[in-house]
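Data first, discussion second: the structure below is written as structure tokens.
Chain IDs A, B, C and D follow the sequence of writing; residue 1 opens each chain.
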Amino acid sequence: MAAVLRGSRYLVGRCCRNVDFAFVSTRSMASKTQVGFVGLGNMGNPMAKNLIKHGYPVIATDVFPESCKELQELGAQIVDNPAEVADKADRIITMLPSSPNVIDVYTGPNGILKKVKKGSLLIDSSTIDPAVSKDMAAAAEKMGAVFMDAPVSGGVGAASSGKLTFMVGGAEEEFTAAKELLSCMGANVVYCGQVGTGQAAKICNNMLLAIGMIGTSETMNLGIRLGLDPKLLAKILNMSSGRCWSSDTYNPVPGVMEGVPSGNNYQGGFGTQLMAKDLGLAQNTATNTKTPVPLGSLAHQIYRMMCARGYATKDFSSVFQFLREEEGAQ
Amino acid sequence: MAAVLRGSRYLVGRCCRNVDFAFVSTRSMASKTQVGFVGLGNMGNPMAKNLIKHGYPVIATDVFPESCKELQELGAQIVDNPAEVADKADRIITMLPSSPNVIDVYTGPNGILKKVKKGSLLIDSSTIDPAVSKDMAAAAEKMGAVFMDAPVSGGVGAASSGKLTFMVGGAEEEFTAAKELLSCMGANVVYCGQVGTGQAAKICNNMLLAIGMIGTSETMNLGIRLGLDPKLLAKILNMSSGRCWSSDTYNPVPGVMEGVPSGNNYQGGFGTQLMAKDLGLAQNTATNTKTPVPLGSLAHQIYRMMCARGYATKDFSSVFQFLREEEGAQ
Amino acid sequence: MAAVLRGSRYLVGRCCRNVDFAFVSTRSMASKTQVGFVGLGNMGNPMAKNLIKHGYPVIATDVFPESCKELQELGAQIVDNPAEVADKADRIITMLPSSPNVIDVYTGPNGILKKVKKGSLLIDSSTIDPAVSKDMAAAAEKMGAVFMDAPVSGGVGAASSGKLTFMVGGAEEEFTAAKELLSCMGANVVYCGQVGTGQAAKICNNMLLAIGMIGTSETMNLGIRLGLDPKLLAKILNMSSGRCWSSDTYNPVPGVMEGVPSGNNYQGGFGTQLMAKDLGLAQNTATNTKTPVPLGSLAHQIYRMMCARGYATKDFSSVFQFLREEEGAQ
Amino acid sequence: MAAVLRGSRYLVGRCCRNVDFAFVSTRSMASKTQVGFVGLGNMGNPMAKNLIKHGYPVIATDVFPESCKELQELGAQIVDNPAEVADKADRIITMLPSSPNVIDVYTGPNGILKKVKKGSLLIDSSTIDPAVSKDMAAAAEKMGAVFMDAPVSGGVGAASSGKLTFMVGGAEEEFTAAKELLSCMGANVVYCGQVGTGQAAKICNNMLLAIGMIGTSETMNLGIRLGLDPKLLAKILNMSSGRCWSSDTYNPVPGVMEGVPSGNNYQGGFGTQLMAKDLGLAQNTATNTKTPVPLGSLAHQIYRMMCARGYATKDFSSVFQFLREEEGAQ
């Protein structure tokens, strides 16, 4: 019956006109059949584990064989490359570092699309350029498969505890199928629109996050130098129009809040170089769409300068430290 | 008895060493004696009205006689200049456009300090450079009077409804006395620390507000151009780490929220030129304290460019409109 | 004999290991044999004319047939597409608006590489991403051809008078062959290094040019508002360390210099949208190489904002006008 | 006769209406009578020496007595404070670190204006806010004296060799008198206009200089990372529209030029903190005149960040080093 639903669904699917219905029925939804997983890094590994916890047989691969061991011990089947994953699973999740990796994993010589089954559901949770997501979706469609972008917000901790937020772009009719799997790994699964809008939402959020974090750091630093107590200043901002997530939930000033990286010498959290990467994506999409983003652009440059000055692996809230006067500096 | 308390308080008052206790008793606190008010503009006028509503006899002045008429009809006594106000009231509130006006009203030829009574409480609610507040406090102290800075957040609407927030700087022992009056005009009265910290808190909040507003506008514009629905994008940001007051309470995109200036062609609200003024103060204090504020500084420049391009009197959320492509532009 | 020289040259050519020497001799250098030209727009048209003036038979194409008429009347042979050009000429120059056009003209279904002869010299004078230049060079090498990037500085006037500057990247052994043709169209032909460095030099120059122009405009505007006479200020800058091409050769303030766009309501010259495009390329290469370019990035954003506000087709020195206060603005 | 000329000159002096002609004749111009000098720091000391070399008897003072020793040995008379200088000399030059020092030296309890003679010529070579220059001029005028601002460009080396450039603001009729003295210390003495325009010219030049230097550093760094040889890139820029003083005269990349601080680990030259100070002045004047200076403002912030990160005393061309990737950084 799922097959019927899926088949009928394609009748309205604007971008799926080449799909051969005879093959659609091969993708099983209701039962917990195998799910493929490509990319078992810091994020992918706990995500795949959560699929196993929810009872899904997982068939996985990674370019680094050692990354696969832990999952193998938990019962996952490990294969040599993405094409073999696609040969055995008709629902596949990919979690990769950047656009070139995604292009290779989907369209490379041993890529998913080499052996993808018609009707397969391909979900990419990497954070990449939305233009690449659109390219992958078009390539998948030619093979009769469906591609969705579903980048996450939340770090390794949220990946482990299954509390990620997924922002999903792609054919709306596929959203229920995608949500079934993503719900095993995340607390929120939000449908954003056509392919690429998941990436767009992720990129937009992180650009505003970076602006808010640098802005909060500048503001707290200025206030402290003007004689304000940091906790009091944070309290005032948080009851006023200066309030933002960086001021009330992840304050960058050591001692203002408990349990955030600023209280732990900016270790853990979301690294400066990862933020710089996301801001680079935001900049690229802004340039391509001729959209002025003056503060987003300057935020990108500031995180880039921080990477050049040794802050690459510190949490992105360390911009407070970067802007403060060094001890001994004039 | 209030006099006793006030006298004993001075024993610990670091900056009040020249006060002649014999004169302290002349300022009455418990009873509703006359309160002076200087500056009856868009903000000062409704503030003074609220004092009258709360039963305080008001003695007021303004450089524009016509600004005084309404208050006079409500029973206020109108005098010629600030010195005459100081001659008749030992608690005075000032609400003026900028630093030079404050300097003139306090230290000019017909200024408050020409006739101020010893022990008087002088509260300045103008938004000015904290360095000027400190200068006024020092000048007041020489005359045996107490100066506090108490700038407000909230616009004309909040002034009319008595819902302003006051951020107060000055001797902590005076805060209770100041709060008695300020509570008639505001919903929140927050003690911030030594003289100038009220201004510092106000300036810091508005700098972060400007950064958040421009950041939100850039982000919403970018997301829309990438194919996201504006309401959906706002919803995603507001449940994520991009959340800020400008995204969840005062969204700059027409149609996303009700009852904000973006829904009314950016009329009303907080004018771009007023924001530019506050950002100029933030820039000055940052320069004077050698504090880097890269985003705050760029925000200042953007609002300055907007003023040059005809946005001076539009609400500051019109930066969304400024960044969007003009119809017909390439 | 030229063929011999060319053949021997390849013995040291690091990146030309697949070339079949038997075919190298087919490219003629000393005699004025046919030269192909793809892209007959505002720049390409006068450039191709200069080749004809220097006695080269030209075989050309453009996506817009009407662009070819003038050249045809001058004796050029017009063909249908780039592949046909490559079928008939072993030296080809391309002059196209942007990276996607270049990719299509070289690697598309009717692209040059479909019919390119081994040993052909392909010179691209478009201003594009250096990474695309490298891709084209690699694709050309696979076909036994040599690709060089040779973007120009100088506008339509310099193209007409043969006074362009070419910045050339590619195998050094080919530079003499490239210079033979480029010298017909330009006054300076500069060898920059490996493939892509011509683009890099062009992009770097224009980024610094944009920074200098905006900086000069801000500075002149500030000086004027501080009471300085604009001509005097320009003179002082030009004898001091503030001197730059924008201050001493192309001053953006109307009335300071003769014969520049600022004296002609910013008509002619180098359009704001073209500068915005080049700054977008600079931003992309900076992002890809993780290079901080804070002023270059802000310059990009300012030209982007100007495009959004109706300045797209005005000369890029109109940033002086953009930053000045509008008449009637506050 | 000089006195006659000076007296008649005042008949057209718009801002000199309070001058008592009877006293004007007391200032001697043609003969080498005593010249006062206040501020014997790194710049003031060699400047005063050059006056002595030119045969002027110098009477000097400095807040640090040890700064006066060298000059005393050369025959200068050392007195206790600026008032005493003014008591004995009717031509005085001041060279001080910042606005507050200037205010104190002129209007403080032992300031010049306490004992200034009518008709005295007071020349301030400090780099300060032009608004302060105007205030000093107004204060001097009340005492019947003439104040001119004459900030310098050129560093300690130029001060020692008498090769400074002076930018002079003030009554045009006084310029000849000022030039007589300034020519002993500088190679160029430029009249800029009314009081404050000397400062304006200096501030404008240095703002554009800072923009050019950071822009050159970004550009050179980007080009190098794109594979260009730094010397070749500098050569290309210098023959193109990217040319500026920082690229052709003071290149910030080690090895590109001889005899500049970049070749000496950025020692000597013009310190980053001094540039940050001048940019702070530019920012203040821009804020006060409501002039948008986006690049100037960001340049200020970058130099401010550099000061916070340990670059305060390095030459301002070290921004190239600041923007480059640290060894070992990602």
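In the analysis below, a residue touches a chain if its C-beta (ideal position, glycine included) is under 8 Å from a C-beta of that chain, and two chains touch if they have at least 3 such contacts.
These figures come from a predicted structure and were not determined experimentally.
Student: Between C-D and B-D, name the chain pair that shares the greater number of C-beta pairs in contact.
Tutor: Higher C-beta contact count between the two pairs: C-D.
Student: When the contact pairs of A-B are compared by residue number, which of C-D, A-D or B-C has over half in common?
Tutor: That would be C-D, since it shares over half of the contact pairs of A-B.
Student: What is the distance, in whole Å, between the centres of subunit A and subunit D, each centre taken as the mean of its C-alpha atoms?
Tutor: One centre to the other, that is 54 Å.
Student: Please report how many Å separate the Cα centroid of subunit A from that of subunit C, as a whole number.
Tutor: Whole-Å distance between the two chain centres: 38.
Student: Which whole number of Å gives the spacing of the CA centres of subunit C and subunit D?
Tutor: Chain centres of subunit C and subunit D, defined by C-alpha means, are spaced 42 Å apart.
Student: Go ahead and note the Å separation of the Cα centroids belonging to subunit B and subunit D.
Tutor: Averaging C-alpha atoms per chain gives centres 38 Å apart.
Student: For subunit B, what residues touch not just one other chain but two or more?
Tutor: Residues 290-294, 298, 302, 305, 307-308, 323, 325 of subunit B each touch two or more of the other chains.
Student: Under the touch definition given earlier, write down the residues of subunit B that touch subunit A in their complex.
Tutor: Subunit B residues touching subunit A: 130, 153, 165, 167, 188, 190, 192-194, 196-197, 200-201, 203-209, 211-212, 214-216, 218-223, 225-229, 232-233, 236-237, 239-247, 249-250, 282, 285-286, 289-296, 298-299, 302, 323, 325.
Student: Looking at the complex, which residues from subunit B come into contact with subunit D?
Tutor: 276, 280, 283-284, 287, 290-294, 297-298, 300-302, 304-305, 307-308
Student: If we count contacts the way the header does, which residues on subunit C are in touch with subunit B in the complex?
Tutor: Residue list for subunit C touching subunit B: 273, 298, 305, 307-310, 312-313, 322-326, 328-330.
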